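Chain lettering (A, B and C) follows the sequence in which the chains are written, and residue indices restart at 1 in each chain.
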Amino acid sequence: MPGTITPIVMPKWGLSMKEGTVTRWIVQEGDEIAVGNEIVEIETEKIASALEATDSGLLRRLVAEEGDLLPVKALLGVLVEGEVSDDEIDAFVEGFVVPEDDDEDDEEELGPAYLYAETAAGRLRYTSQGEGAETVLLVHGFGGDLDNWLFNIDALAAESTVVALDLPGHGPSPTPIPDPSVPGLANAVLEFMDAADVGAAHLVGHSLGGAIALALAASAPGRVRSVTLVCPAGLGPDINRDYIDGFVSSASRRQLKPVLENLFADAGLVNRSLVDGVLRYKRLDGVTESLTALADGVFPGGAQSWVEPGLIAGLEAPALVIFGAEDRIVPASHADAASGATVEIVDGAGHMVQMEAAPRVNSLISAHIARAAG
Amino acid sequence: MTDQPFSIDRDTLLDAYRTMKTIREFEERLHVDVARGDIPGFVHLYAGEEAAATAIMLHLGESDRIASTHRGHGHCIAKGVDVKEMMGEIRGKASGACKGKGGSMHIADLSKGMMGANGILGAGAPLACGAALAAKRRGDGGVAISFVGDGASNQGMFLESLNLAAVWNLPVIFVVENNGYAESTAMEWAVACDSYVDRASGFGMPGVTVDGTDFFAVYEAAGEVIRRAREGGGPSLLECKMYRFYGHFEGDAQTYRAEGEVENLRENHDCIKIFRAAVTGAGAVDPADLNAIDAEALALINEAVAHAAAAPMPGPEDLETDVYISYA
Amino acid sequence: MARNLSMNEAVNEALDQEMARDPAVIVMGEDISGGTGAPGEDDAWGGPLGVTKGLSVKHGDRVMDTPLSESAFIGAAIGAACSGLRPVAELMFVDFMGVCFDEIFNQAAKFRYMFGGKAETPVVIRCMAGAGFRAAAQHSQMLTPIFTHIPGLKVVFPSNAYDAKGLLIQSIRDNDPVIFFEHKNLYDTKTDVPEGLYTIPFAEANVVREGGDATIVTYGQTVQRSLDAASTLAKEGIECDVIDLRTLSPIDMDTVLESVEETGRLVCVDEANPRCSIAADVSATVTQEIFGSLKAGVRMVTAPHTPVPFSPALEDIYIPGADRIASAVRQTVAN
């Protein structure tokens, strides 16, 4: 049987990723690779993460060297199944051409990277990927934006249409937050769904976005086919208000970095670019005021103001609650209050569980959606 | 006396024509070479203004000094700086007048009395006062000329120099080359007084305004103020009203000009055309002699360009030389 | 989608948005609009390199052309600043500071202290600096250390469009006199720039690359050159921290010291002349504060102690290049 050659290429994690640095090979030439194995650590502008194999085979060639900064889709290594000579591999490496990854290309393949919806709360940025019959709507948390779903959008878009938005007051062109409360933001998301033509969706909310998703599911049941609450607010009173205050007040990288380290079980994931990205947002005129008002609205006096775990039992839509076991922002013990929901606690992950344990979270969400969609 | 061109002998007329024509060809060639990408950096052309530099410099000897401006090529040529060395300098070559270290805006040749083109507007005026002071102390009847644009005439340095020169009774002439613009800004707007004659009298010195496109007018007026300075009569201000044919610098889109402005200037206010018509019309010079000079000027520029193009660039060993005479 | 703006567009946008936000902001300079009093188009120039083009169309007489009189209009901007306006005056090339320096260093810089803390002088003086433009000795200097030497002045030097916009808005809102440098060779370089207004605080250096083996500290045009050097060195197994100071006064020495404490090796890169330069200043501070952390002598890579030469052949070797930076790092690592 003639062998097959499969390239391992620089992944594209999120819309804005253009290039990444190979920071460390986790596997060696000669290793047998199975789907899902972590093979190489890549650092992007946003975050460092391990690339997991999407194909299996024998790792015959490491092409990229540690430290190399390479464009998306550049050849990192060569996997082989069956009989392939070294000459054939040489020829493959030699002849490999990195496909163009310019903006126009993206628009052809994936549709325009960012879209904008005009809502009563102002112009909201969002992205829509995939063409599945079911629509998944991703709602980020306090101080986040749609890039919080960097490692989830593409995976979920394989089967569904995935829409991720920036909440009012968030993203690169933040609008003021008209009503800085959980019901107020739930209403803003509903208006967004109208403006962006999202009929009924599977809501996935992270952190404060979890509370928003829950509130929306309760108030507009016809628009919600399932809910997934990832490290959600809304299930109990506790919130790490030091984190929130630190996030709002930090003006420099040095102040902000230790604050952001609270988000991950592995603090090493907070790299310079991740901190810079948050600083970029925080430096925009009006953001500090918006976040201060939001923090005072949803977490006044250091406790959550909107605590409604009882709503879950009454939902028509099935609910899944996912927590990182090492969540230092909202304690994972809040999941205990989520009666009526399926609960999954992911070990070794913190508050940004959807980033830190992306494959696991993606498969939990996919399975939940598949069940809900029947 | 403008209508008496014959007070100048034929050879001098031919010399004047040769100088003007050389400047013109030099600048026209640079205009082309800049567009072709052969010339690095900022280049400010003197085309259109040749009569002023030429007529004034005819009154000067090598020991008389001039302080020039950023638009200095015409002053250099008229003061006798070697054209090949100028062309080399403008191309950054080791053969240049300043060994490639200065460029278009800083061509100088002190042995010819040329104290430098200048990138700092107005900076030449105090320097000319200094040169005049030196001449005065030597007592050799030497003078210094400070060239200044209409724009730079608003600089503090220039205005302070007028006063200083008057107070010290220096043999210096401030020549305002008023071409109507400083970059894109109109002189009419930027210079608040009605005339430079008024400004001069405010500083206690005589002021004269002449049509700078009329070689003979400049020649007469300059002769008068230079003579007075040489004789101890002190400083004067001479305004030459003139036109520049090209943009402020090469690459200027010149949208601040009126429709058809440049075409009109070239047609009706070209100092070389006007000179040619005057001298041939009066029968002082045969057109064929001028045509021969045209050819010579063109040949000289072609030769200068060829020489400069072939000359080597300075080498790394030249980078740190000539900062000091000695640094010990 | 990335919103790529060049540095000149970013500067223009910052001025435009701040003028729209705050009526006290005025902008002045020679030919900053252009064509004043002339028969042709208005807004004919927008400054010699077109950076302020269009501002006078939007903001009318708050964008003021000036006569060619730096001493007068820079001084007037300073006087207006302590009388309620927020002028942004363009000096064009920083080399022209020579004709108006008194107003900057004896006046603006000293008011606050000399008047017992009772004066505020929120003026910004924008100026182009740096070599590589074939503009010769009087239009190519850095002169940064002359300004940082003077207490009372703030000195800002962005290396990219994003920083330029945020730092310029910060400079306009700052209540002290700010000298805002723009490197003319960086005007065309593009980065992603947010549409809205934002500020970057002073005294916050940007760690543009993290390595761990050696620290390169620089600003302006040589940031990219240092990054290029760092990429070359990475292939040799030498990983560098590259620090873009962004503001030279105040200066973020904490970030530098933290980095050098870890790497033990410091190379200061400065396009200015070496004597009393920013490079010399950083070297001295590091040596004084954390001598014990240094594993090798500090190295400086700067322009030579000469004026900027005109000839391209000389100017190209005048500016510290990636090769010189890389070999300086190699020398510190060899020790």
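Going forward, a residue touches a chain if its C-beta (ideal position, glycine included) is under 8 Å from a C-beta of that chain, and two chains touch if they have at least 3 such contacts.
Predicted model, so just to flag it, every value in this text is computed and none were measured.
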Ask   = Touch graph across the chains, line, ring, star, complete or other?
value = line
Remark   = Looking at Cα centroids only, farthest away from chain A lies chain B
Ask   = What is the distance, in whole Å, between the centres of chain A and chain C, each centre taken as the mean of its C-alpha atoms?
value = 37
Ask   = What whole-Å value do you get for the distance between chain A and chain B if each is reduced to the mean of its CA atoms?
value = 68
Request  = Report the residues of chain C in contact with chain A in the complex, numbered from low to high.
outcome  = 1-2, 162, 166, 194-201, 204, 207, 210, 231, 234-235, 239, 254-255
Note = In the complex, the residues of chain C that touch chain B are 30-31, 34-41, 44-45, 48, 65, 67-72, 95-96, 98-99, 133-139, 304-307, 309-314, 317-318
Inquiry  = Which stretch or stretches of chain A touch chain C in the complex?
reply    = 15-16, 65, 67, 69, 103, 112-114, 172-174, 251-254, 271-272, 280, 283-286
Remark   = Given the complex, residues on chain B that touch chain C span 40-42, 89, 92-94, 96, 98, 100-106, 118-123, 151-152, 154-157, 181-191, 253-259, 261, 313-316, 318-320, 323
